[in-house]
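Pasting a structure below so you can have a look.
A, B, C, D, E and F label the chains in the order they appear, each numbered from 1.
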């Protein structure tokens, strides 16, 4: 079969879109003054990440990213925004303090970024010689119930505890008011 | 009031969780221009204050400026869905005060048309209420049936809504055989239709769950607020003006006053549904007993009531409608007071809706069966 | 097929777009005609034969209207929401196999994809409601989240039950398993689970709730919230929300057809094809319309109670029962 | 151009992206004043971790299920975290009428 | 039937000796008992009716021929089916009456209506603002000397 | 438990009953009148805007300009003027105007007329682009039933 003429270019384009979504989403998420837009930024990042996961040969994780992050987490956070407060309260601190905190945040995060990129780029990574399996959903399921069954159980417990805790806290708040 | 105090004493800052929702004056659930000022906490209503008056027409002042005969058309326009009853109140008042003997045929026709009007009014309520509850189809079934009543009444009165059919001492014109036949046919047609409504709507589990135990109004509350009609009978009090202060030929007719003691929306709903069946019974009897004879008594050209006060109440579709006239012997009333059922029934909304959720409060509002001009007059 | 993948995808994208667009427009017509018949009216008759051109006239009217943005609204999100709302339906439909040969993408994870993108739908409506800054819209947005969260759970439980029966998430394979007559359809596969019809019932109820159809149309309960999240929308941006509702119904009914009614398989075992799929699909859509025009709306907390106290326990029970039966046999 | 030279097949790109997400998350955590804002920043950090896991999973491990499982676990944790955080935010808001992180510091004293 | 009325009349004689009770012909006038009280006795009279289980029907007023404003409150008994009217007169230049909204919650709106139409002020009323007329209305249209607003 | 189950079952049956009823209605003919294409005959007593009755022979209005209707009208919609021509026994009408914007179709004028010179027309869909068109309807000029 004749390969599609600009297949590489197309793939590259999709990848660029993914990167762009991730970066832009993250920037919106941390920089926007309106919380609701921050959440939308987070959702954008998640879409970008889902695409990236697809590139990383994990389609199941890509879909899960959308299902859980966009469909559940973002929706829940928006719900919290709606219930609690429409917007981020205007900064009560002085201009100088705002500048200081902003600068500090920038320096810290910049340093972290720089260090991590140095680490990632400078290391000589070695690819494995063979693969144990293809990493399909089936393999995932098998691994989840054999090798990682303990972790699976623990995560289930954590989730259960989270649900119960959330119910208790929310209910407590209601009855108090 | 209590809640208002707790809100205001909570501190200098108002509770940020509460907000005011202005429901209306234009809103699908108010069926007219009524505003509800709802102080809400989420979907819970802390205080629901109705704000009427958007279509106030000052009927009482009009009554003081025109003769009794000229005021007669006004009565059809107070509650446009139950025009017959309102006209009946005024003609009964004048007839009693002036000592006019109404021919029996006229009284029977009045009862037949009044009860037809009651059914048509309840059908509008039924459809509109189902619309409030999100069911659209029963509205059109009800309007289909109502159309048959309107056709009957239009043929004898010439109008479909503001009939203006009764006259002091009788009727504007006689009914013909076609009307009697048509009404008889309607009675036989309507009974299975009520059965259909029961199966389609009343028995429906969604509707039952939606109305059961919602918006309870006790008999004591009705007493303090002066509620009447199906609201009162839905609270278990068998109080119907046709029984308590009998007028026209109702005493000679056999009918039951439906009462449901639960006091919730479903009880009010069932009272009205049962009332339609009872109205059919009344119509059936009145048609059988309908005597021949004149339809108009001899009445002076200009009606003047002897000085004094006169009070006349009828059981309108929404409850007790009463007219109080103060006469100073002239042909124009000195003072006309209209006591309308929707007004009194709406006053209890504020107390009854406290702490309810928005959809429940609208179910309650609908179950009061308000006609806005009846409140605003 | 000897067509390069990107072309094929593009072709199917256009095809799906057209299918969704046409259906969304004509389901409005079906709804209006159906409602009219249930209420013994003729319905739209004026534009075109039997009012068939009515959707086009409606669209033209909506297009010619000004798109108003309330002054208090978050302009960006307010405009973004209608763009976002049609996307999930399009993505979901790409996985649905319409017949043995016709399907945009044969995915092994088709079922997951439907649910992944289906969950975005709520985000768009919520953003629209929130961005309007209208009290009715905000109440509606809050309702729609609680409702979707509550009904996603039993729906997923039902689907997991089915997954255990089918053993695959590939929608095409699921359909192929149901070949050979209606007794092989999953809704009647009583050997796997004697409660299969109940399972479908739960799925159908969740479908109505997830697509905000009466009697579960809490988000746009017109007698309470005027038009809910869409109150402030005018012109075509309202039209898009309107179309999205029907697109979602389409996706939901397609999924039900695939999962429970054997997709394109004929009920007698021979002569399978696209027509069967469409027939089943539109029968289900008719059922959805029929239900809407028969029942009154439920109360909001009753809706949540129904899910938490009835549907979730029952679907969980069915899940366990099915698992047990699979283990035993 | 061979596929391997495309940037989408180079682990460094993904790692750099993950680093960026992490840095953005840190920035948000420091900068944000509200609980929800901090929650969002936290989600970014979680995402960075997931991306790293999947990158290593794709390029450098023998068993490609491990990284995916780790990412799945992270998602589950994130979901749990959001559920808890949401209920805490609502409870806090009920009592303090604010989601300002500063106001909550009363809790400690 | 009139047991309630008898006991009511006895209660009035005992509690408010100044009140005048009268029984009109219900066939013509529609009422069963008319009670005339002094403005200060309105609340007392209402409480007596409340104890007898009467429901509030309506409140209204009018200007009588001597230029005084008359306040009138109708009551109805749900089970005995008796209709009682309580009247009181106040001078026109000081139209003030005690509010009975504390006894009958339903009186709230009726009193607001009577206030806006006749200008009778109800002391102790929680919210005496126009109900049917515009919020800023200062006129009282049902007074006989009212001649319309521009 | 048993009650809850029977409740559930009864509820489900009630839903099915509802569906059955609407489906039955689905196949019944439509009950509406398809308005601009079909119209219903107006009943004999239909109260449309009033019009003058004319002598079929001469085409003259029967009105004697007694002004009873003007007085009877609760909303003052009618303006009637007449003169007594020489040789005639009765007055004849020279002006008969109806302000239809205020008319409530109560029929007091028709009832009060001593010579039955007024009657209701059957017009039910009067329309105009301006309100003034109905402020001063000259009933003397309008000879025919207003056509829809």
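As a working rule, a contact is a pair of C-beta atoms (placed from the backbone, for glycine too) under 8 Å apart; a residue touches a chain by one contact, two chains touch by 3 or more.
Everything quoted here is computed from the prediction, not taken from an experiment.
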Smallest number of contact steps required from chain A to reach chain D:
1
To reach chain E from chain C by way of touching chains, what is the minimum number of steps?
2
Out of every possible chain pairing, name the one holding the most C-beta contact pairs.
A-D
Report the inter-chain centroid distance for chain A and chain F in whole angstrom, where each centroid is the mean of the CA atoms.
70
Once you find the CA centre of chain B and the CA centre of chain D, what distance in Å lies between them?
62
Inter-centroid spacing, chain F versus chain B (mean Cα positions, whole Å)
24
Measuring from the mean C-alpha position of chain A to the mean C-alpha position of chain E, what distance in angstrom results?
71
Touching two or more other chains - residue numbers and ranges from chain E:
none
Touching two or more other chains - residue numbers and ranges from chain B
17, 137, 141, 144, 200-201, 204, 206
Can you tell me which residues of chain D touch two or more of the remaining chains?
94
Chain B residues within the chain E interface of the complex:
1, 52-53, 56, 58, 60-61, 64, 93, 96-97, 219, 222-227, 232, 237, 239, 243-245, 308-313, 320, 322, 324, 326, 328, 334-335, 337, 339, 343-344, 346-348, 351, 376-377
Provide the residue numbers of chain B that touch chain C in the complex, in ascending order.
19, 21, 27-29, 42-43, 130-137, 140-141, 144, 200-201, 204, 206-207, 209-210, 357-360, 362
Residue ranges of chain D in contact with chain A within the complex
1, 3, 6-8, 11-28, 30-34, 36-37, 39-41, 43-44, 47, 50-51, 54-55, 57-69, 71-73, 75-91, 93-95, 98-100, 102
Once bound in the complex, which stretches of chain A touch chain D?
8, 11-12, 15, 19, 22-23, 26-27, 29-30, 35, 38-39, 41-42, 45-46, 49, 52-53, 55-58, 60-61, 64-65, 68-69, 72-73, 76-77, 79-81, 83-85, 88-89, 91-92, 101-102, 104-106, 108-110, 112-113, 116-117, 119-121, 125-135, 139-140, 142-144, 148, 151, 155, 158-159, 161-163, 165-167, 169-170, 172-174, 176-177
Residue numbers on chain F that touch chain C, as the complex places them
8, 15, 18-19, 21-23, 25-26, 28-32, 34
